[in-house]
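Structures follow.
In what follows, subunit A forms one complex with subunit B and a second complex with subunit C.
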Partner chain A sequence: MTARKPKAQGEEGLRQSMSWLHTWAGLIFGWVLFAMFLTGSLAFFRPEITRWMQPEIQVQPAPAVQSVEMAQRYLDEHAPDAKRWFITPPSDREPLILLLYQLPKPKPGERGFVRVKLDPATGQAVQGRETRGGDFFYRFHFELETAFPWGRWLASIAGMFMLVAIISGIITHKKIFADFFTFRPGKGGQRAWMDGHNALSVLGLPFHLMITFSGLVLFMVMLMPAGIKAVYDNPRQYTDDVFKSFKVTPPLNQPAPLVRIAPLVEQAQQQWQGRLGRVTVNNPGDAGATVTLTQAAADGVSYGLMAPWMRFDGVTGKLTEGQDELGATARTAGTITGLHLGLFAEPLLRWFYFLVSLAGTGMVATGLVLWIAKRRQKARPQDAREAFSLRLVDGLNAGTIAGVVLGVAVFFLANRLLPADLPGRQLWESRSFFAAWAVSLVYAFLFQRRKWQDLLGIAAAALALVPVVNALTTSRHLGVSLPQGDWVMAGFDLTCLASAVLFAWMSRKAARARRAPARGPARGRTNASAPAATTTAKSAKSATAPTSPAPAAPGAVVYEPRGDTP
Partner chain B sequence: MMRYRMAVFSRAAAAILGGYALASAAAACLAVWLPMGRADAVTTALMLSFVVYTCGVIWVFATRSAWRAWIGILLPAALLGGLFLAGLGMGMA
Partner chain C sequence: MTLAAFCLAYAGFSGLCLGMDRHYEDLFDRAIPRRHRVPLRIFGWIALALSLYASATVWGWSYGTVEWIGILSIAGLLLIWFLTFRPRAALTTGGICALAAPVLAVL
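Let's look at the complex of A and B:
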């Protein structure tokens, strides 16, 4: 039972203990990690998803200078006594002007920040259907819909387990390069899953390592207070030191008109030779007002959180401070976090981000199924507890892997089907996501044998319905968006269809595996409801995976069975 | 069986809690001693602390016994913590 028998020492012993660690570190948070990976992949398309989810908003972006002028006019009128204004000018990805302002004294129960979207052509507030759009996936990815700060901690702990699982997985590997070209779906069962898991993991290994480590770095101020407390009195001083552009300055409590921001924007863009990312105004209408301009995150890999910035006196418009070049350390940290956020990635690269991130999702999923596949072969028929743990993990696997995907599809369907004036509409959208996931879990435990086949099939049907319902409820369906070259709408619908095909295929494979229990070395255990052959489908999920069905050198790279797992 | 479970539990505790203590000690020590500006030293220390944490976890599960695992975590943690205090005393920060 033990992975660390005293006799197993040296290199082989290390590999065995690392294999044990890989198995358990990966399993414990596997389901959370699957949901995080999938929603994180979707979050790379956050603005595009929001645009699909508000199809009634159709605007063209305008230059930053002009948009900032408009924003200032709007805020002067609607929020003259706000504590802070934030203005995000339109970009190619997000054509609206995004405004955010902080109320001076929010009433109890009222939110302190107000969000407004302006049409850059008219300067008027745009009212779309109430939805969280792509922000839902973005926030779920690191907060798991759990109250601050618990969700962030939970996500970070899951990330730390992921990092350990990746490193121990690498050490476990003897032939990491050869394994990459090994795929033997014909062998069925554990072998096929193992090959699929290896291919997906090794394919995106640099990405998986980067995304896991940088995710922890993004929250390091919260996670490692000891390093800050060692030299600072409180974390606030450190963040003020690092993120100087976010510094909050106190008001002087004397009224004074705010300078026109647009000319400052012109000046800054000239100096940067780049785009404006955000305007922050502290204490507008006060003598102590400041205007801070930050360069667009899309302009540089390291600009995700730490882009060049300039601060102006809010009354005279004089440049008071700024930073064009960050130090080597700040640039390193900026690059690590910037790589995670992927805001710099222009369309082609963003699609690669998305695909390799889906490969990571598939890595987690195949890893979870592999846990079952390995144990099922060795399971002792009389061991009730073993049977229980197999059933538990298998149920969680099916209910989560198919369930989260179903949840995403249902979330999109709810966006189209819920009445536009439903009170708390955006809450119902999120609820539909969790309801679909929960129902999938229940189904997975109720219908042991058919769960994979059915849930994958339902997920496929729901995904296929998304473009259909879009066509029935809006005038921006594939028949219109394709001829118009509206790639945000068309790309979304086509991606849903492609995913539907993939899941339908996996469902069919699962059905076939259920009828014909695993071939090859399996000892004829008929409870093999895990779809053995689905590996093929999972690997195909990362369209770039060169998992040619013909194994490169079957004889040379056969996996020797390791007695690594109980 | 019981003994095996205790050993696994002990190692898990050494990895999760001990590893975090080790990473924190490393972060504090580096923040004080790294020859950089204060903010840069802290940034570097925090980023490296996750590498230390991971290495600590790997050590805990790679070594022969749970006792060795604990010693291999707590000894360096105490050392780094001592270095941090020494640096603080010498006014390095």
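Let's look at the complex of A and C:
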């Protein structure tokens, strides 16, 4: 993909074939990857986004021991015959006590899990507006809103293409060191886009490689089941072996009162010198009850999916088994997946994750635009098929790059504007995201000439509206959140504003490029200084507290029902 | 200390950048002499290494390395962006960062 000078025969061959691979591997899943990268970036702020989306819930976190006591009291009263309880104590990122319990006899076709959020101060259940919050982005990122397991397969295949594109991109990038600091928007067209694409890719390369590879490792059990099939009769046994803290222990079917969990928590925290991430109780109220405590994922890089845990007898409170140190292999896998999930990241590092991940989003976007920029310069005017493919890709580019961003903004707007008692409210929120994306795509194909300018402008306007609508509909707008130092709310609104400014600027660039003596028809941003836009671009729309040097969310992610393997 | 790590990363990249023909020429309108190139590059690499050390003292080696890679990416992208529009100011900032880093580290 670099300018070619005569070189040794063999090397040129390899570079050229890698360049071909890079171009097409990147293009085919480019649009899906753009959406995955953007929603994945937002997912780093999953609890914070959820908090913004339920502004009526305002609580303060409480210590784990006290919260677990409160949770046990609530569950004793409301779910004494549940099969399993999961308790997530509050953290600074997620100040609520999260409860999840499994009903003994779910209705046919339902999984039978009930979720409750408790206020740690009162022990009462709190009810916010119905919304999926940050979970929407989190799940879209790897499931693409498609039924299990197809979405995961699609996302994994896209991830494999990404990995191929990154590696072939490295091989094909001839002057990776000589061009390390080079960015020449003044040169215009293909050259400028290429520089921007290179800068975003090379500078973020450690992150991009890590995130792509580790994303695949997260799904390795699904993607490469052969090893497990060879050793175990039943995949469930593998899961029980590797994720021992999740093991479902059978009931003895004799009633017996459950031990008090809070003292066990105290004991565990003492031993770990760390925080509690999750409590799992199997068969509460049965003689075969067990209580499993797992350390917070925020306590270690490798704790994302495999944190230290301790299991107690649920009647006597005796420690029965536990695991502090993992084997080398499990620890390596734990570190790789832990790096992807980023749950260990404290605020500053979380922002780094977010920003570099947005650079990755920009890398995909510039790559897509570059595909057009390269071909447009060489395009033969009479070639109808070529014109068609250019128009198709350009339309998909504009409709997706601006459209997904618009979708995110509309999703947030819908959260504030939909009536609180609308049935199926959370569905309408996600529908609004897809509707905005779809409308953008249609618009991009209808208005060939002005699509970039208009769509980027609309996205900017929608983003700018988010804090405005927030101010009109809630009492936690910037005027209140800033003086109070409420960085979850303020950070969110400010990030929306910042990205609105950015998209407005990109839209202006696109407009100027269109009016300037156009080299390419029907196209905005190929001109001169435009690529600067995407360099800093996609600089984002999520938010959190930059100041609150405190624990990241504990296992919130971990016990989501994710098919069969946790 | 985190700020020091960031300044060191930025200064290191500035040094490496100025140690390259193209960017040196952009700034001074002449080819880079050897007696500038070598010290600049050595300075650049040392600054990057110190930046890793600084971030490891704050976060420990396992977290520190991850943090450092993040710092490198952000510092590099900032430098490139700045360099494009204000090359002289961008590299001067690199010098200032190099001077500020020890102060920040002591504070």
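Note that in this section the second predicted complex is superposed on the first by the 504 of 566 C-alpha atoms of A that agree within 3 Å, B and C clash if a C-alpha of one lies under 4 Å from a C-alpha of the other, contacts with A are read in each partner's own complex, and residues count from 1 in each chain.
The rule is short, and it goes like this: contacts are C-beta pairs under 8 Å (C-beta built on N, C-alpha and C of every residue); 3 or more make two chains touch, one makes a residue touch a chain.
The structure presented is a predicted model; accordingly, all values stated were derived computationally and were not measured.
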* To do: Look at where subunit B and subunit C land on subunit A after superposing the complexes, then choose clash or fit.
  => fit
* Asked: Counting only touches as set out at the top, which of subunit B and subunit C does A:M224 meet: first, second, both, neither?
  -> first
* After superposition on the shared chain, which partner residues are touched by A:Y232: those of subunit B (first), subunit C (second), both, or neither? -> first
* To do: Pick one for A:L163: touches subunit B only (first), subunit C only (second), both, or neither.
  => first
* For subunit A, which side has the bigger count of touched residues, subunit B or subunit C? -> B
* Based on the superposed arrangement, let me know which partner A:A147 touches: subunit B (first), subunit C (second), both, or neither? => neither
* Return first, second, both or neither, reflecting whether A:A384 touches subunit B, subunit C, both chains, or no partner chain. => neither
* Partner chain in contact with A:G204 - subunit B first, subunit C second, else both or neither -> second
* **Closest Cα approach, subunit C to subunit B, once both complexes are overlaid on chain A (Å)** => 20
* To do: Touching subunit B in one complex and subunit C in the other: list those residues of subunit A.
  => none
* Parts of subunit B lying in touch with subunit A, wherever the complex brings them together -> 1, 4, 23-25, 27-32, 36-47, 49-50, 53-54, 57-58, 61-62, 64, 84, 88, 93
* Provide the residue numbers of subunit A that touch subunit C in the complex, in ascending order. => 178, 180-185, 199-200, 203-204, 206-207, 301, 339, 344-345, 348-349, 352-353, 355-356, 359, 532, 535-536
* Where on subunit C is subunit A touching in the complex? -> 2, 13, 16-17, 20, 22-23, 62-63, 66-67, 69-74, 76-77, 79-81, 83-84
* Can you check the complex and tell me which residues of subunit A touch subunit B? => 1-2, 4, 6, 9, 14, 17-18, 20-21, 160, 163-164, 167-168, 171, 213, 216-217, 220-221, 224, 226-232, 238, 241-242, 327-330, 332-333, 336
